[in-house]
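Note that chain A is present in both complexes that follow, paired respectively with chain B and with chain C.
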Partner chain A sequence: MRDDLKVGVFLCECGGNIADVIDLDEVRDSLDVEFIGQFENLCSLNGRKIIRDAIFDHNLDRVVVAACSPISHEKTFQDYVKPLNPYLMDMANIREQCSWVHDDSERATHKAITLINASIEKVKQSDAVDPIYCQTPDEVAVIGGGIAGMNAALSLAKQGTKVTIIEQSPSIGGHMAKIGKVFSPVKIAEECGMCLLNPILNELVWNENIEVLTNAKVIESERRAGTYNLIVEQSPRYVDTEKCIACGKCAEVCEVEVPNDWNDNLSMRKAIYRPFGQSYPESYVIDMDNCSKCGDCFRTCNMRAIKLRQKPEKSLLQVGSIIVATGHKLFDMEKRPEYGYTRYADVITQSELGRITGVNGPTKGKLLKSNGEVPKRVVMIQCVGSRDEKPDGHRYCSKICCTVALKNANIIKHKYPDTDVLICYTDVRTPGMFEKYYKHTQENEVRFLRGRPGEVVKKGDNFIVRTEDTIKGEFVEIEADMVVLSTAMEPSMGTREIAETLNIGTTEDGFIKESHPKIKPVATDVQGIYVCGTAQDPKDITDSIMQATAAAAKVSEYNYGGVEIEPFIAEIDKEKCTVCGECISRCKYKSMSIQDDEIYIDPMSCTGCGKCLVDCKQRAITVNGNVDEKIVATINGVLSKKREGERMILVFLDNIGYTAADNIGVNRLSYPESIHIIKVISVNRVRPRHIRYALENGADGIFIGEFPGDLMYDEVERKIGMVKECIAEMGHNPERVTFSKVYIPYFTGLARKLTDFDNKILELNEAK
Partner chain B sequence: MTTQKITDSPIDFAEDIILDVKNSKEDGVLKCVQCGMCTSTCPAARHSDYNPRDIIERVLEGDMTIMEDDNIWNCFYCYTCHSVCPVGNSVCEVNQILKQFAINNGIGYDKLYEYMGFADSYFTAAIGAIPEIFFEDIRRDVPGWWEFRQNLGDIRDELELNPPLMPPEEVIDEVSTILTITGFKDRIEKIRQSQEEE
Partner chain C sequence: MKEIPDKNILLFRSCLVSVEYPGVEASTKFVFDKLGVDYAISEKQTCCTGLGHYSDVFDQLSTSAIGARNFRIAKDLDRPNLVMMCATCYAINKKSVKLLNNKDELREKINNLFDENGLGHLKYEKDELKPTENIFHVVDILYNKIDEIPDKIKYDLSDYTIATHHGCHYCKVHYEDTVGGVRDPHILDDIIGACGCETIGWYDHKRATCGTGFRQRYSNPELSFSATADKMNAICDEDVDIMVHLCPNCHIQFDRYQHLIADREKRKFRAIHLNIAQFVALAMGGDLDKVIGAKAHTVPIDSVIKDLKEVEK
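What follows is the complex of A and B.
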């Protein structure tokens, strides 16, 4: 019955890309189909008319487009075959996998005929199926309430999206709130950071689409059909934010004093406190780890806002997408004892210097040493923990420390022109406009020494900074009475934790990894989760805001555009299913779960690998799209064109391997004509019986490639091992089957492996 | 002014060092950014004109004259540069390789001659003992060392340290044989002769 289907074949010349190598006249003569036509550029807009007219004129049921790779134009031709169902069209890749990898015209032409024939046989097995559209809820969780998270939230809220900010500390604001002064390379001036932050904070507080949860953490995450179910745990504040008017009487009576972490522990605060003057929510909070529970605050509070019996609360938050903005922390100076940070009060970090010079800091903006005097010489040491391959160091450059040092040096010079400031650097990295700020700093008489100090020791009242002046080539000892360390930025604990909770990839340095750092910024490797700010890599405020708004734009794209999913995924026959749960435990992609006493398959995470099929005793699962039949038909389509003495190797690859194979063509490398690549939705769908069938019907070799990052990799590798044993028992040579790792970037390796395998098969054939 | 000719390949010198069996840092030497952290912690740099950063600079420039520079003999292998280098280089190892290059080129025999006592002790005791010619200096510089040295046998007895300080005769013979077969002895002789002739 399927043999009666009317198939139309459309051959594309692709300028000369295809027609210069492949003899298309020969191709037309060799294929027996209802319609076959040849066109210069099928993907151009008039291709749509050509294809549609032919479908009507010849009553076509199925279409094969023999042109470029489906990776390039499958979507285009799925659209051009309207009104046919998009899945009744198949592409034969005669460019990337034929004309671009072979130069012998006769053999390339024969291979093109073979590939097109395989597509014709395959497409006859296709049925009309509809793509699955998933619409994600237009609600977003922004994790982290620093400058990046705040901007991402605001941008989305202004576009009408409901946003929940989940902030771990008692106030939003993040690092920017405590920086003191920020600078602009264009204005060449330092400005009040809080004055820039406050309007953003206010706008956010008044926006009705934003809810802020402080003292809150995401502790669990689960994804169902595009909806994330987040379990958020909120630690108690012990102060009712609705009632507290932030009058501060409670803190006045509190007798417990502890180091103030917001001031980098350079001053003290009470056990009941407000993190900083502009903190939001505008309310006090009790640090229960240090509270003596004396009850003084409770008795003093006129508003009766203090609630000592509050308990942690867990709540469920359902969102369509997530923006991770969990930020950074600074390098732990205990790891570099040679600089004396833990031993000497006047060896400080740039962050602490920012607090000291901040008007809301421990000294109200006065630059003072621990003994209350103004330092005579401040030496700044760059690259502490950055550009450092020593244990616990970071190989990367933290990007902002050069300009931070320049800023703080300028701030010192403005107020204390008599204080000598010397910056010990390896390279001053001030790209773009920042270079002007560097010159401005030199004009302010800040001094620079090229050398990376090895240690700081105390000698009498002063420190000795030991370094080499590498320009003079001279070992120098510099006396200083304050040393400031430019510490590396590294992923915050929150960043590391959320990566684990949400199961998103991180870089070797522990930052959140973008799905493609060059052309897919802000997307993570999990659909619907985006990243911005210093959770992604070290960056400054401006870059954080830009990335935050980019992430917001991507979320909107995703929320409004919906997600189209290929329909070739598992389906449950509810009549047969006994809800035994076997499939749930087998599925490597965690796409199955029980909902309302039925097995539910999340279409977004199911890859159609078919692992669940094998283990279902009730045979209640099917994978849409006749995948099995299509594989068999494709094998037949290839092998039926085998000529006397021709070597035929079948290569099964999924989307990743297929892309790598395309890259061989794109880069104009080559491999033998015997190689016939068959694209499958999952390599796991190539079953032992397919391999056996192919070998028994003329295939000389079978090559199976899988990306090691695929969750099914181990499984497939194990299975191929078993298949080899099995076919050996049946009298075939197991060396005719091979399994190999494939990676998109290593297409040269794949070309070599394909060539090597062809040589091996040639040897085996000759030995026979 | 120096001219770099189109046919010059200064990096070859660094390549030779990388390929040397003593080099444990792979391409470390090529990653040097001349930050000077090695020099800032180097005891030899503090007390002499030895400059570890400069050593790497000259190696990367392909400056072979460094083998003739007396300064390379001032490094005593404390490995501080090795442990502080932010790019994972080891000047200390590079220095050892340079010294070996120098010796292979007949340079530095006079420097080695001072240490012949160490070499001799391998033959006489099968261990690297401190040569007697240094005793006076150490006695002056290290308070208490001489007394310790005099009473070492008693101290070891008291601490019940086993085996005895000196290896047995057959071990000494075996080590001597190995050193002779492997050509160590010939090299020592060559160095000694070259210096004693002068």
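What follows is the complex of A and C.
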């Protein structure tokens, strides 16, 4: 019988922090337990011996430590109660939530007794459970082989991790390979992008821990106990990469010419081609959509590398974590017909200008218009599709376009000082060192006009760019013979697809959403999946590399540390479960899935919120750890100490709300003694019947707090609304129940809300 | 695309259409009849207030109250789909429905005013109509029937050079409901395409305003007419014969003032101006006087439209 369990209570004086306010002698006299002792500093190393000896001497089954907040020392005391199971110990928080928030010794002492009693009742309901250790496989999949994916892969490989890069196109390298020149703001000079990329590419190719799959795509993904099973489909290349020596004879004889997408379609390539000079794998590839199947290449190849009968292949890749580096694409210029991109050959994008000015581009680096002449005036239009509130536009700033325009303007000025370059900007955004480069550009006689052009029209041989000069407040028409559009960055198709395949959250703009923009900038909302580069939001090469290496570091943490999980998670009774799938659709944490015709709960993502329990018609789900019983026991433990005329308010908070409540104490603010805070693993676990039970057994008020960022917030808010209606029907005053937002930093607000709620309950009691 | 009805339609009369170009209404009815669209007109319906509203004569309260009254008329006739011939009526009524649904205070105030004045039967209930599902322009209805138009075409107008002018209050106010493009509006071009004609498509200033700006035409004529002139010069450069409109405000600005702007620009402009309903009606064989209402036009229609040739079937 649980009532016969031997409970030991350890009171900590906390060097006066507790004992100066709370009369511990009184506490000792008021509690009826097997053992009760009082110590100066229980968390110090002697505490371990004191507690262990008492457990042996008194044959204790359960332990209550009445001291500080479990947020501070729960792990310490879980360790100190060994050989007892760590979950047979509970902490009564008589410091942050008692001695630090109350001055009146008599009332604080009574409250401490109540809190400790609640812990005693609660711990009697505890069972020995083991924490779940998850060790995920070390292998990593990096999806996307651009500058971000390459760096993430390389960083992991150098730490000894096996990495597979899955790249959709025939070569790794991404956008950086075609960018032409890059610049660093400090050097105030532009330098060759390929020359910077190539060493990284070579290093990657030679690293034995990295396997590169090109023409490959993840088409399916499932996760089981921390292992991702990815189905990767590789489209045929029709050229054997082992045999091909990239001599190029095949392309010489190929008669099919199609626009070269790597050159932004500004030049032509053959149907059998190598994407670019330094592409990897170092092999040709056949573009089967355009191949005429004449067989000339096959007959020419001395190496017999051409394999026209290759078929798509699917393979299984098992990894422990995934880095998504699927990158961006550029804004579709058909959405801005007013700029005439689709009508006029000499209206181009910055990306195309990068190809034109690149020495490996269609004009071998010469800035030429479509008629072969050097332009006399180039007008650049910024924010095309960015910072744009009109339909189809993006409200965000694409972040790199100002500096890209500055770079390309400087490149033009260096080579063609007589060509006038005018940049029409919304704001020039060049933070930090980039400002020096902006200044340098101005000194280079690049001109700037503040205004977003409305239209580009062709009049005779020239363009007219119509805009308002918003500094002068004048309407101007600028003549130009080349117009360059700084197009917005948006999530690539690959980014959108992988988000769906892996079921990871995206922002409203379709980028992969980080699990917290401030403090978890590379984690996604799915454990074990990380993001870097422009798949996450617009950023430049430097930021992409930083985020890539950060993602690699996070994967390493995960690989080396393993993950210890609190065992209070959902479990399925497979006998009862009919695999109806209701729980899968209900789970806000995406922890449930069907695997081998059974419901599988991923222990890594289940929070034990209990949402699935309620919706399971078969009652096939339980949450480990007697959560329900513990809540009832805690309520009983508090209410059984209620004195005549005493007001008792029960406050249910999860980890976040509880931390906010601790902060009230840490900052020595106060709230009334009537407030009794009960920590629950999820606020959703406080069921309507708990609330009803508390009200019927002496609670004067119930306060439920939830962090609005919690995925269950809306659900809980809705539920409390229903509970209020329901208890009103049963004759209770619904005003005795309240629901409130809680935030960790906004502890002053929480203190005020608790005080206000106490005042309201006082009024209700008086009215009665 | 949004769901577009072809029945239970109240064809919403426009004051500008009635006063300036009655042929637009006659043509709309003609085309609707040909296409089997179920519509009716109500004598009780009043002006949407648009011209007065945009000239600061009527405030939003009066405008929404008038809207509520007109919506009640439509509901009582069991014709909850209001279809406008004028882009101003379209934008005004869409806004009124949005406000009446979403601004509880405004709706209650208007309903109280109705009560106080013995007009309780006009009261509007939240979400009685939906801005997207109940408020349309004639072009929406024609676009919905675009596949049925080719069969009904009698005359071949494909030899004329045709440009379109899409009214701001159709394209630029309630973006989310605009059919056929906002940045590059082409709903008129598509409907004209269904009549067997190809328009010139994009032209300089295609998306620009006609210049009317409601009272701007009178209080700020220099600005108003220079906007119109830009557009007229652009269509003149393209040798346009017929400019097709969807809003009587724009129609007036071009048709009534074309000769004045020609004097101002010292240039001869020759385009005639037709509403899309007039254009489709003309192609379907509508009589120039009785249906198209040619006599109401300032730039004579017969200066361009001569000797119509029938399509070869």
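Assume the second predicted complex is superposed on the first by the 475 of 768 C-alpha atoms of A that agree within 3 Å, B and C clash if a C-alpha of one lies under 4 Å from a C-alpha of the other, contacts with A are read in each partner's own complex, and residues count from 1 in each chain.
Heads up, the rule we're going with is that a residue touches a chain if its C-beta (ideal position, glycine included) is under 8 Å from a C-beta of that chain, and two chains touch if they have at least 3 such contacts.
Only a predicted model underlies this, so the values are computations on that prediction, with no experimental measurement involved.
Annotation: superposed three-chain arrangement on chain A; chain B versus chain C shows a clash. Of the two partner chains placed by superposition, only chain B is touched by A:Glu389; chain C is not. Applying the stated contact rule after C-alpha superposition, one finds that A:Lys335 touches chain C and leaves chain B untouched. In the superposed model, A:Phe475 makes contact with chain B only, not with chain C. Between chain B and chain C, B touches the greater number of residues of chain A.
Shared-chain residue A:Pro453: touches chain B; no touch with chain C. In the superposed pair of complexes, A:Arg343 makes contact with chain C only, with no contact to chain B. In the superposition on chain A, contact is made by A:Thr467 with chain B only, not with chain C. After overlaying the two complexes on the shared chain, residue contacts for A:Gly432 are found with neither chain B nor chain C.
Of the stretches 110-118, 236-244 or 254-262 listed for chain C, only 254-262 runs into chain B once the two complexes are overlaid on chain A. In the superposition on chain A, chain A positions 338, 390, 455 are in contact with chain B in one complex as well as with chain C in the other. Those residues of chain B that touch chain A in the complex are listed here as 33-42, 45-46, 51, 53-54, 83-88. On the chain A side of its complex with chain B, the touching residues are 338, 383, 387-390, 393, 426-427, 450-455, 466-470, 473, 475.
Of all residues in chain A, those touching chain C in their complex are 335-338, 343, 390-392, 455, 457. Those residues of chain C lying in contact with chain A across their complex are 175-176, 182-184, 202, 204-205, 207.
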